[in-house]
Amino acid sequence: MMAQFVLFIKGPMVWIAFGVFFGGLVVQAWRFISVTRKKDPDYLPGAPKKKKNKKKKTKKTLGKAVAKPKRKGIMERLQPLIRFADKSYDNLENSMFFTHPVVAVVSVIFHVFLFVTPIFLLAHNELFRKAFGFSLPGLSDRTTDMLTIIFLMCGAFFLFRRIFTKRVRAITTLYDYLVLLVTLTPFITGFLAFRQWGDYQTVMIVHIVSGELMLIFIPFSKLGHMIYFFLYRLLIGSEYSFGQGKRAW
Amino acid sequence: MSTPVNRDQIKRMLKARKSRMKRYLSHCMHCGVCAESCFLYMKNDKDPQYLPSYKVLNSLGKLYKKGGRVDRAFLLKIKPIVWKNCVLCRRCYCPVGVDVPAMIAFARSICRSQGVYPEETQSWL
Amino acid sequence: MIVGERKPLEEIAKMMQAYRKVLNIGCGGCTSMCLAGGQKEVSQLNRDLENHFQDQGGDIRIHELTIERQCNAEFFADLDEIIANYDAVLSMACGAGVQFVADRYPHKPVFPSLNTTFVGIDRDVGWYEENCRTCGDCVLGDTAGICPVTRCAKSLFNGPCGGTRADGTCEVDPDTPCAWYEIHKRLKGQDRLDLIMKVRPAREWVNQTRRSVIQEPYKERYTK
Amino acid sequence: MKSGGNLEAVLKAGHFAITGELGPPRGTNVEVVMKKAQPLKGMVDAVNITDNQTAVVRMSSWATSLLVMKEGLEPNYQMVCRDRNRLAMQADILGACAHKIPNMLCLSGDHQKFGDHPKSRGVFDIDSIQLIAMVKKMRDEGKFLGGEDIDVPPKIFIGAAANPFGEPLEWRVHRLAKKVAAGADFIQTQCIYNMKIFKQWIDQANDMGLTEKVYVLAGVTPFKSLGMARYMQKNVPGMDVPNHMIKRLKGVLKKQVASEGIKIACEQIEEFKEMQGVAGIHLMAIEWEHKVPQIVEQAKMLPRPQVPQEPQEPQEPQEPQEPQEAGE
């Protein structure tokens, strides 16, 4: 019985988890598109569409502000990003990196390591090679171990922030702790498994199950910000968008 | 005031905007990063009550949580949140793109539909 | 804030008389703040109109809806849903809001129920004063924060005309202080009179054609 | 008679009238005015004196009108709404009439941004149609716009402009109707090149009975060069230059373009003479005043008719009479 369960979570369940993960991301992206709309060049989204005579196309509503719906090349599209980087020092002063340097740095490390650690873990890559016949370059065990420890420290930071920062506590619910738990469990168990602390078999099962649960969880929970963040920044017209902001809520 | 609220109307309104508003609510990471972008938060000694996410979670968030089954007392409770604690300046920053002002505006619409809105100038200021 | 006043009821009623189903839209922005076109004033106007048409005999139904702001597409969703049910729209926003509504629904007759009066400040509850004419080229730095374009009846730029009264009020209206009298008094108190001793040359009027503003960080996004 | 002027008399007598145009100098150089006025003498029934045309500062229209009158030409005093409010306008009208300026053309005026003081404050206290109504009220009711009585009201023949070519085309004739309703006595149109559209417009005006109430003078501007034609086609708003005219100018030798331009203008004039509802032409030979005699001659509009004036006031000075002998 137990053996069958282990087989299941090591086999089909992995595929299901990944299937749900990628499928879910696509679904979320599609839903994102469906709740946003293309900005009308006249900025009159509710207005009935007039048959537009290309020749007589007048720029009325916003004057020069609506001129030039010109097609842009890839480099031109990237211009705002490049400029963003150029001016980033000015921008930084108003950004999280200055107002909350610790939160900002910890967030970046947390999110980067969240991906880097499992993807470049040697053991994972071994499994990957078994399944597909090739693998990504792996980081050494020592390195990933360090990354895990740092990652867990960042997680602990978020946990403490939830508990002890007044304004974050004001908006914290049980769900937030659950999300944090779901994110941290695979790392904690992985860390334990690597050290062979505790009952290896149990730890491994928890590790695999929690990892799979996380994958399934991502698209359909708050963790969906994984894809949402990029869609928002690149598509929606706002003060903080990286792109041209051609869409609106 | 004791006049009952029209729950059906509130439910209809909630349902009409569900797809967007639910997404916002479910994607709010409760991270509190929006705090500094709110001038009201800054000017009120960083009182968490003025945190943009606090404002939406405790107005529209609760409306959805309760599925519209609210009474007038509830609407009167969120009235200061959506009117006094937010001026809809649309400057709030959210790292994952939650449109806070849209949600506050929607909460205001729902309150308005039940006759809950500021009538005295003093209450604005 | 933009300050407005309700038009006379007869004028509004006259605009409405050709229509059967009218939607009166309030604005939760400036005109709410100045107690001219918020939800309360919308209800009041509707009551007044209904009474008016009851007395005059007329079949009209006027509904109400107040949206947060009529100058921003963001807040129009409620309106979009129901606009089709009405023959005409009455807007209690400022002139900018009325135009935005009319632009958004080009097939609906849209009418103003306010006279947009000025850009001003709250003197007290229900009492407002004009402080800016949005001339687009601010001189307040040289005039002690008192706008000569707005607060001088002649919009003089080089000091008071000969008509200032003995008590420092304007010749046009004895209840209005002479702007230049005030400017002089304040600058003297700050020991900055040199600012208004030089001849200020003819200014460049920029509010002659419709203006639009694109803030610097957005120049790239909207223009090329 | 509304004004006792020559233009009114010519039109009233049913002659095919011609008015010219003269731009005042950018300075106090009276010589320039005289030089420009000289060739117009005896060629036109009245001459428009522009008022800060294209929003560029020039000698004022009424002052130049007086100079032109001394030369024996009848002026058509132009007034735009851009530069003065209703007080200044009424004051100037009184002054002009005191000096026996008999005609006046009421215009909105080009926007100041096109001129040499682009950041000046445009007045536009009243618009051109309100100006027409105001002048009519002054003349016919003897009252200022504010309602007070005028001590000896002005006598003036009120002119207005019309552009049959601006969008929305279908509305243009109704705008003419408004000007007629406001009290215009004569209309001078924008330069006409697209005869087809003009014909439609004048036919509409005929159908609406407008041309019975107002004299329409068709605007004619001969092309001086191919460049000018192209510029007008592309850059002048409300100007409709058909391609076939450009082609025709292209078809002749460079030296002959000017005379071809005049030829085109004369052909147009011939058409206008035959056209019902057109009472004359307004010849805008821009900075080409010396060519006017040639054009008028070639258009077979000479000699200009001499219409006996109804006696006005006894002290009336010699009105700008045509030096020509004999009528038609």
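Each chain gets a letter, A, B, C and D, in the order it is written, and its residues are counted from 1.
Please note the rule applied: a residue touches a chain if its C-beta (ideal position, glycine included) is under 8 Å from a C-beta of that chain, and two chains touch if they have at least 3 such contacts.
Here the structure is a predicted model, which is why all the values come from computation and not from measurement.
A comparison of the B-C and A-B interfaces places the larger number of contacting C-beta pairs at A-B. Chain C has the Cα centre that lies closest to the mean of all protein Cα atoms in view. The geometric centre of chain A is 26 Å away from that of chain B, both derived from CA atoms. Centroid to centroid, with C-alpha atoms defining each point, chain A and chain C lie 45 Å apart. Inter-chain centre distance (chain B to chain D, centres taken as mean C-alpha positions): 65 Å. Listed for chain B are residues 102, each touching two or more other chains. Shown for chain C are the residues in touch with two or more other chains, namely 74. Those residues of chain B lying in contact with chain C across their complex are 16-17, 88, 90, 101-102, 105, 108-109, 112, 117, 119, 121-122, 124-125. Residues 31-32, 34-35, 96, 99-100, 103, 165-173, 176, 221-222, 224-225, 228-229, 231-233, 236, 238-240, 249 of chain A touch chain B in their complex.
Of all the residues in chain B, the ones that touch chain A in their complex are 19-20, 23, 26-33, 35-36, 46, 48-49, 51, 53-54, 57, 91, 93, 95-97, 99, 102. Of all residues in chain C, only 28, 33, 35, 38-40, 66-69, 72, 74-75, 77-78, 81, 122, 125-126 touch chain B in the complex they form. Of all residues in chain D, only 111-113, 119-122 touch chain C in the complex they form.
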